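Next, two complexes with chain A in common: one pairs it with chain B, the other with chain C.
Entry: the complex of A and B
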């Protein structure tokens, strides 16, 4: 190997021009073919993604719209505003689930974003290098933990703790969901906020410190505002993650079959868990109603994604 | 002459090291108030380093080590004055205009706000006064709410000067404030510096010999971390005592 490379380096000097051009022409043909093949492989790979998305959307919408069409159509209004889910009585209301999804996501954002942003500030601006070497990997590992383990943690630790203080009889609750989701979105918030904070030019910090601002003042008055768009994107991604999370949530939410959540101690049944709980054995209308739930979930996710695209393209313009 | 006038800064036996590298070597210098002092010298000779030492911006550089003393009005800037207070008294204008990505108004109001002024009417007054002092009020008075990033480089630099003035410093350090600007903006900033020295002490790094000789009262020539010659600008430029100074200002090296 080493010998070969040595040869190549020396050769061009000793070989005359026509030799070189012939050599290059030969190579070009071969390379062009390889390039074409590789390009096609790339294209096929890209198509896998696009086709999957299309197939999933088509499948979910096709199945999910069925119960609201035809002779014995179910009222969309009853579906979207109902607060009871009883397949055996042909009652399918998901309003209390939409509420549960929105509340648990909002709660997770309210708790997780400030903690995540402050962690990012700590890592990028304040912490001595030694501490960064502990905190950062810890956060990164958090991102890799399978969600079923978050659920186990929630069930084994968070729910029993809530049991001690809740006025209700059970610990499974909106609060438990919010706590676990907050932890789950942390890695997203931290890593994205951190990179946007690091991207803030040093000259802004210098200008601020040069005016007699303290480090903390500089962080809050200059650095964070300048990193705003990255932090917003992180938040939106966090929303996406929280609203779509299923397994961990299912284990700690309580998943009641009816009833609006009345407080943070109430059991909840977010959209995702509704689908996951019943899909394996459901058939006929019940199954289609689960797909309809999926359609609603999908619309939420789309809204989140559109917001994200809007935000990032705006940031790009600047 | 002004023998009884107390110097604003007294620098004694100042040495500065970046790790093992000595960037400033045994600097001794008295800087008078209400004057413009120019620092000249070839690239890498330590002008910026010295300037940043004066308001302790070098504290931010890891591994920096300083010995000797700098006194501001007789007080040691490292032991007798709080660093925040020091930077309030000794403002800085950087080589590249660096307004914050916020409105012109908020840029100028930034310093006063940091130092606890909240009242809108007081802030309004400070902003207008500072922008006027920086000779840019007329150009921006109708667009104070616009982002400061969106104005020209020369205007940005004057906004930065206004921002520095708004905290009512006693000294203004300028590191090549016109090197990124066109001749007209440069002219404006030079006029401004001359105007400002009535109320402030100004220390300015410049690569432009004409600039130094036009506007400064004293000039210090730096070479490889040492001050080769320091004195009245007229004397330095017409009758330098050191051969190296003469070579530099006549353009024979550097």
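Entry: the complex of A and C
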């Protein structure tokens, strides 16, 4: 650094002027090369993310599409519309799993989003300072709890409670999954909704209040509509989390090998748990079918991701 | 129609109810894990190996001096033995100069016998068999049982004796060590890559195709659920690169999961460093690299630290991806990859305890440990944020 910063020591009428400038030029060349190399290293690191996504998509799809090609190809239609999963009989149907994933996610959104948004309203609009200091950290801790512990909670609290009221013999059910998933998406919904509510300009509220609207009316007819896109992003992110959740769900879903869910009391087997349950010992066709399950899950996730990126970039443009 | 006031009151009630239920749910979850796990939590749980460990050791014997006859004390080994209802003959006390401290195992390597170890065999005396026949309620028989063992030691004619020592397991040490390994290894991989990516994105990249692609990729990465990462890791790292279920396969998979968090958090911090810092440094003749390494990064340190803390939280809590890449064996990995490199982290063990052994108590006891770590991380990152980032007025 010191060498490079010594420009002002150069005296114009020095005898060695040319020598010195050549020396500096050399140094500059060396410096430029170092800078260029370093920049390339930085760029390579930044490309690791791109490479990872590409590799993940390539490998999961490559392995997941294989069972449907070649000589003893499995019918894609049977795969997507079947309601029985029996690897030992070479039957792989995942329609009941897709249904389970969609139903449990929809249920979680239906329960989690209203509670989450209202909690966000509470934090940002009506709670006194003291209460904010309790609710906000609580949400941060809720966000940090590992999914396995949500599973423990589901298994130890939710499932036994459902046991008491269910007409079925077991407590593991769609309802248990919905309850636990709605809790798990709460932190996402609350924190994103809260920041988008806070971003609504004060003027809006003042104008509404000035026109004689009550505080609650202002919140629901002015603030929330203005924060709509943020809340929508929060919901989409919540969908992504709910549909991708694995470990907590695995412990409370019941994971039957066949059958469409008939009511909220039925056992379900979402796509994620199908993969996690059998991956450790699966091989050959069964393993490929698990990857195929992964592909279906991935398509759902990509839809969610793209929607989300579109939503957030739209909000950014505003 | 309800009056406006009535409507407002109802809605307000709903809002309060929602906030209360959010906090209430957290309280119930924490309460459940603590109440359920506390009975399983103990010093032994935190300091012991998971499996019972049986070792044959050879210990020298001291010369006997007549006269010392405290109950249960074996002079020749310098240890006090006690009767334990569950395990039989337990070593309750070890003298400072006891020869068992320098016992040798079958391979002539030193094996230090510790307090709490169980003796199941002394010379040819099968203590475990004697114990089986014993009525543990009978105090007199128990005392005789201990005395018989001491007599057996005293009766040895050679100057050393072979003992079978069982070190009782049931603890979480291997999983804790695996978790720490996993944290260190993942951060070593994802840390530099993530931070340098963020530097590139914020300091070098000009808005354009490359930058959009990278941002798009990272946003997508953040949305991929960990089970998909697990699928990819189990295919690419475990099978194709032949790492098998191993520490390295797990750490590499987790590193990809961590990238979006580290990049986003670091980028955020870099963005918050005022432009004037860069301009002054460049204006003083420093190169871009010098500016980055001596001005930008030091100023971004608190933010990077928060990124690291968040990552640790993520690693500690991760399960689905590790289940498919690092395995579920309760051992300390002996290598980075290959045969004996598999190991379960605390979270994975909590899961297998629940799922395979139906042991909700131990799982929740691990849960308490996890909660303590996570709350500590939460508090620490908050302190850093408040202390460094707010002070600067950034």
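Going forward, the second predicted complex is superposed on the first by the 276 of 318 C-alpha atoms of A that agree within 3 Å, B and C clash if a C-alpha of one lies under 4 Å from a C-alpha of the other, contacts with A are read in each partner's own complex, and residues count from 1 in each chain.
Just so we're on the same page, a contact is a pair of C-beta atoms (placed from the backbone, for glycine too) under 8 Å apart; a residue touches a chain by one contact, two chains touch by 3 or more.
This one's a predicted model, so the numbers in the text were calculated from it and none came from an experiment.
**Q** Tell me which partner A:304 touches in the superposition: chain B (first), chain C (second), both or neither.
**A** second
**Q** State whether chain B or chain C is in contact with more residues of chain A in the superposed arrangement.
**A** The partner making contact with more of chain A's residues is C.
**Q** Per the contact definition in the header, classify A:209: touching chain B only (first), chain C only (second), both, or neither.
**A** first
**Q** Mind working out whether A:217 is in touch with chain B, chain C, both or neither, as first, second, both or neither?
**A** Both: A:217 reaches chain B and chain C.
**Q** Scan A:43 for contacts with chain B and chain C and give back first, second, both or neither.
**A** Only chain C; A:43 stays clear of chain B.
**Q** Who does A:279 touch here: chain B (first), chain C (second), both, or neither?
**A** second
**Q** For A:29, is the partner it touches chain B (first), chain C (second), both, or none of the two (neither)?
**A** neither
**Q** Between chain B (first) and chain C (second), which, if any, makes contact with A:165: first, second, both or neither?
**A** In the superposition, A:165 contacts neither chain B nor chain C.
**Q** Going by the contact definition given at the top, which residues of chain A touch chain B in one complex and chain C in the other?
**A** 214, 217
**Q** So in the complex, the part of chain C that touches chain A is made up of which residues?
**A** The touching residues are 4-5, 7-8, 11-12, 14-19, 21-23, 25-26, 28-30, 32-33, 36, 192-194, 196-197, 199-201, 203-205, 210, 213-214, 216-221, 223-232, 234-236, 256, 259-260, 263, 284-290, 313, 316-320, 323-324, 328, 347-348, 350-351, 354-355, 360, 363-364, 367, 370-371, 374-375, 377-378.
**Q** What does chain A use to touch chain C in their complex?
**A** The contact residues of chain A facing chain C are 1, 4-5, 7, 31, 34-35, 38-39, 41-43, 45-50, 52-56, 59-60, 63, 114-116, 118-119, 121-123, 126-127, 131, 134-135, 137-142, 144-153, 155-157, 183, 186, 190, 214-217, 220, 237, 240-241, 243-247, 250-251, 272, 275-276, 279-280, 290-291, 294, 297-298, 301-302, 304-305, 308-309.
**Q** Can you check the complex and tell me which residues of chain B touch chain A?
**A** 55, 57, 60, 84-88, 91-92, 94, 96, 98-102, 110-111, 113-115, 160, 163-164, 167
**Q** Spell out the part of chain A that touches chain B in their complex, as residue ranges.
**A** Residue list for chain A touching chain B: 201, 203-204, 206-214, 217, 221-222, 225-226.
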